[in-house]
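These are the structures, in structure tokens.
In what follows, subunit A forms one complex with subunit B and a second complex with subunit C.
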Partner chain A sequence: MTTNPEIPARPARGGRSPGRTGHAEAAQSRVAWLFVGPYTLFLLAFGLLPLIYTIFLAFTKRGAFAGITNFVKVFKDYRFLPAVEHVGLYLAVWLVSLVVLVVLLAVIVHAIGVRWLSTTVRFLFYIPGAVAGASSVMLWLFVLDPTVSPVAFILHGLGLNSFVEAVQADRLPVVLAVIAFWTGAGGWIVVMYGALNNISREVIEAARIDGAGPIRIAWSIQIPLLRKWISYMVILSFAGGTQLFVEPRVLAQASRGVVSQDYSLNQLAFLYAFKQSDFNGSAAISLMLLLVALVLSVAFVFRGGLFERT
Partner chain B sequence: MKTLRIALLLATGLVAGPAMAADASKEITVWVDATRQPAVEVFQKAHPEIKVNMVVDDGSSGASGTFQTKIGLADQAGEGWPDVVFSTQNNDAAWAAKETNGVQAFAAALNKDILDQSFLDGFTPGALDPVTIDGNVYGLRNDLAPVLFWYNKPLLDQFGYDIPKTWEDYQALGDKLAKDHPGYFLGSIGDAFEGPYIYYWSGQAPIFQVKGDEFVSNVDDPNAAKVTALLDHMLKNGTVTQESVFSAPFAAKADHLVAIPGPAWYSGAIFQNPSSVNAKPGTWGAAPPLYWEKGDKVTGNVGGGVWYASSHTQNPDAVKTFLEFVITNDETAGTGGLPAYQAAAAKWLDKQASAGFYVGDFKNAVSTAASTVWDGWAYPNFSPETAWAKVITPALAAGKSISDVAADWQKEMQNEAQVVGYTVN
Partner chain C sequence: MSGHDHSRRNRDAAPPSPGSWLGRVLATLVLTAFALFFIVPLAWLLLAPTKTDRELLLDAPFSIGTLSTLVDNWTSLLAFQRGLLWVWLANSAFYCLAALAITLAISIPAGYALALIEFRGRKTLLAVTLVVMLIPSTALVLPIFLELSAVRLIGNPLAAILPFSFFPFGVYLTYIYFSTAISRDLLDAARIDGANEFQVFLKVAMPLATPVIALVGFFSFTSNWNNYFLPYVTLPGRKSPIQVGLAELLSNVPAFNPTNAASTTISLSALALATLIAVAPVLIVFMFAQRFLVTGMTAGGTKG
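Moving on to the complex of A and B:
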């Protein structure tokens, strides 16, 4: 998830025969194909072909062209707008806390001078990320149930005395954001830490000589230089966040329906496909999600300068 | 004989779909929940000649929709259908008996393709109603789940109370209990099924009905309003709890449970369950169901699972053998609850009576309840449980009453009905 394919540094040219350079470049291009090939195949098989099938489904009904009727139907569904609202609220809470806390924690960890302490802290941040999707929600089921939770005193302190209260609809955006943060933030902190390491020491030293303190350095130098990385994190997190499914789905099972089965847009798409056997409506929802994610991603890519070479 | 029968079926065109090429040696795939797993194991021991591939899932409990989801996937893929499915819900026939997106209906019409009418005639009258559509039977009820009135004899004696006969008595008992013995209680609506099935259905509340293509729900009906008032009253004085009957907190205070209206399967799930009430023999009994003083003597029903056979099966003979076995065999029929098959039910009742586990006239209470399930409740392709869980449970946890959100509950059920294709007025 956090890999960033770096463009391989070009080999130094000076003092080498043209033949050797050509040979090296040919080898590199082969390696590049090796890297890109499988990715392209997977992208075709699990990205582009399903997308084409989705577009076909979304604009047809029983194989015949249906215009935008599927979209109209979905839009009129009484569950659609609440689901949009749920996902929107969740994204707002999660993305803001992600950006603020990840950057803050990365800068703090980076400032820790003691090597073993810094490594340990990064490792601790990263551990929860190793617990995959559904199983991490299972773990949170216990944390959120005041009758079995190891942090029951905190839940009681917040006035939550039962699992049902802990997963009430109006608290869910925060609960889901906390779960997502816990599983995902560690990886991003490590990525940001790496990015901070890339900032040249001379720049920081120069700032320090000019009298800038750690906060000033973070605010005026480190964070602006992290801009691309932050955009990158927001794009991927946004795309993942709009597809919210596993967490509310598992919570719905565990809470016996108190967290409703139609909480998020992807859950609604799931119900369309498998409860109403309406794959066309389901495809319409997926397509709308894709469109929103695409538009916002493009905005972030250009505003965040992701494709600029520095 | 077998070949002849299949040849005849093929010749008369009764066999639907291309997948019905019979192969008596083919393994059958059976989807069951954990509770039904032992029944399949008993069958495997008794019939080693039939290869069974058992897949354990949640049996669609709590209206989770697992059954329909997995069949939807198989339909889309054009393969992967099981031969037999167990579901804890009894409204699956509403979708399973219908063709979807051009794929043949999943559920086989058992009376036509798989079983003999003489076998089907052995069920308790009315037991197959939820799974009968247009005269065809699409599933076999595993157990009957009429609502009874369970009571703790030593506690009632100790407090000097009589067993209530009507809902009015029940509420009055709640008042006395709350006043004289606070902490003791008479029921739960902590799960999504108790409210709709145990209280509203038994209370003859017309909140879940289908008339033709129309779904009808009326929480303002006098009976519905009476049930709402009863529950709000008893929730307020603490004699009906919000703890799930399957939860640890419920088990922890189970020694304070004086009585509880509930389905026949509470027998195994609650009273004889070591991690729940864990009753001592001779302490608990079942009385005939409660009714309104001026109403009909009817009761509700909570599930009672259903076995379905696939219309795609390639081994209908093995499916037939399997279904007849689990429905009638002493060890497997009813899987702990009241079997839906009459002969098995009689044996089960005799066994319960002779074991002397329950006090009072257990056999009479169960028989009375089984034959008086109110028929004003429908089995459409959705469950009242999801709306209850979504609207009522969180509202109660937030300190509101049922009457505060009854209209929202009705609206949610109507919305769900519209989504699956019913009209609503």
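Moving on to the complex of A and C:
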């Protein structure tokens, strides 16, 4: 494994050993499919087939072709646009803070000269990543409740004197971004730190001799060289963020309805399937979300520059 | 190997100017503030189960309670619906370990073949794997739910185990690993010695595969253990894993649901204990896996 984004490609493939016949190659190809076959079945069953079935459901009604009626119905749903807005606001807050703070913290941690201190700080930053899913929200219920919170003084300072006040709708994008940042940022800081390590020391040294200070070096050398990694982080986080579900769901359960059951798009898709038994409407929303993720993913794999085409 | 192992930086060569001194103070403040931000909630979580609800409300947040309170909280959790918490935990362990076994059994050979055997469709399979790997797993939850309900698997443990076992990131990690760790010449040498493809895989590749097995295992286990959305829709009720169960516990906490008339109630500190128990397995794995985390996350963007 390597953390080096500029690593030379591995030894060239395709060097045929002399004397291997076409027949042997065909046999090898067949054997290879035995190796990849089981995985390919899972790929079909839980990657491709759900997509196809969702497309089918989204464009039909009781088995008959329905054109775009399911989409029209969803768009006209009074809960749809607010959900788009909620997710959009959350994404804006979260992505901006993620990029700014992750890069800032990675550059600072990278500048720590003392090895054990640097390791410890990175450890402290990424360990919350272990607390993901429902448990991270559960923990933040406590943190956001001024009566028991370890940071009650901050909450009171912000004028929040009860849990319900802390999760009011207009604060929710920030609250959700804080939770997501707490869980996920450390991992990205560690990644950026690794990428920073691969910038050659000579370049930094030369800049320093030319009189560049740490801020100048960060701005002109380190951050431009991190660009691919930053876009990787933004793409994955954007795609993941549009899927928002568990955080608002658990908050809704805990806040006595202050956070609505249909706050995010995925929650709305969930309600269509589970409360209204409308699988077609649910599929229409899911398909739109899935397409966003798919387009981003395809664009990044083929244009992003991090994955060499093989 | 991680680059930082052999990059010795020498920051203190130049004498600090007043400007850089100020910079250092600012940087230290920022780092300290964020270190506190990341660690305070966890530290609180470790202490909360040793306190009663009254102590949680009135004592200083980082005071330490008593062992007997911890035991009381433990007993009350045990008693909740006759040990339902342990059923959830056992479910989680079952789903995650079964999925882990299947994931390894299908991903390691697949990544190996993608890396080291030339075959028709290889590039397509690799590209599709990359694309699916970057799609957040939550995006596929409702589609998978719709599919599984069409084949009437909802409520069956397979409804968690099978989707959990599909782990394209694991295939990609294995592919990267074998691409760099083993040369094709080595495999060709074994073939010339008369080994067939399966013998080559078992005798040449597998003995070298331990690091990548650990890596794939780590990511598969931690992501499945923490998965909430998929089992929430495919495995309701007593079949739920702990993450889903934890959220269910919430409905029994009077502090959050005062109108709830449930006969058994959960105290706040017992809920904190349940949260701690739910995250403990992953937390422990994380403590010992910093290197995995670094290599795994960066491998996502390493050139193949």
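To be clear about the criterion, the second predicted complex is superposed on the first by the 247 of 310 C-alpha atoms of A that agree within 3 Å, B and C clash if a C-alpha of one lies under 4 Å from a C-alpha of the other, contacts with A are read in each partner's own complex, and residues count from 1 in each chain.
Following the convention adopted for this analysis, contacts are C-beta pairs under 8 Å (C-beta built on N, C-alpha and C of every residue); 3 or more make two chains touch, one makes a residue touch a chain.
Here the structure is a predicted model, which is why all the values come from computation and not from measurement.
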{"item": "Contacts of A:57 with subunit B and subunit C, given as first, second, both or neither", "value": "second"}
{"item": "Which superposed partner A:68 touches (first subunit B, second subunit C, both, neither)", "value": "neither"}
{"item": "Partner chain in contact with A:31 - subunit B first, subunit C second, else both or neither", "value": "second"}
{"item": "Which superposed partner A:81 touches (first subunit B, second subunit C, both, neither)", "value": "neither"}
{"item": "First, second, both or neither for A:273, with subunit B first and subunit C second", "value": "both"}
{"item": "Greater residue coverage of subunit A in the superposed arrangement, subunit B or subunit C", "value": "C"}
{"item": "Contacts of A:289 with subunit B and subunit C, given as first, second, both or neither", "value": "second"}
{"item": "Which of subunit B and subunit C A:250 touches, first, second, both or neither", "value": "second"}
{"item": "Touched partner set for A:258, first subunit B, second subunit C, both or neither", "value": "first"}
{"item": "Partner chain(s) touched by A:158 [first = subunit B, second = subunit C, both, neither]", "value": "neither"}
{"item": "Doubly contacted subunit A residues - partners subunit C and subunit B", "value": "147-148, 253, 255-256, 273-274, 279"}
{"item": "Residue ranges of subunit B touching subunit A (in the complex, touch as defined)", "value": "58, 62-65, 68-69, 72-73, 75-76, 95, 100-102, 191-192, 242, 244, 247-249, 385-386, 388-390, 393-394, 397-398, 415, 418-420"}
{"item": "Contacting residues of subunit A [partner subunit C, same complex]", "value": "1-5, 7, 9-11, 13-15, 17, 25, 28-29, 31-33, 35-36, 38-40, 42-43, 45-47, 49-51, 53-54, 57, 101, 104-105, 108-109, 111, 113, 119, 121-135, 138-143, 147-152, 163, 182, 186-188, 190-191, 193-195, 197-198, 201, 208, 213-215, 228-229, 232, 235-236, 239-240, 243, 245-246, 249-250, 253-256, 266, 269-270, 273-274, 279, 282-283, 285-287, 289-290, 293-294, 296-298, 300-302, 306-308, 310"}
{"item": "Contact footprint of subunit B on subunit A as seen in their complex", "value": "62, 77-79, 147-148, 162, 164-165, 168-169, 253, 255-258, 260-261, 273-277, 279"}
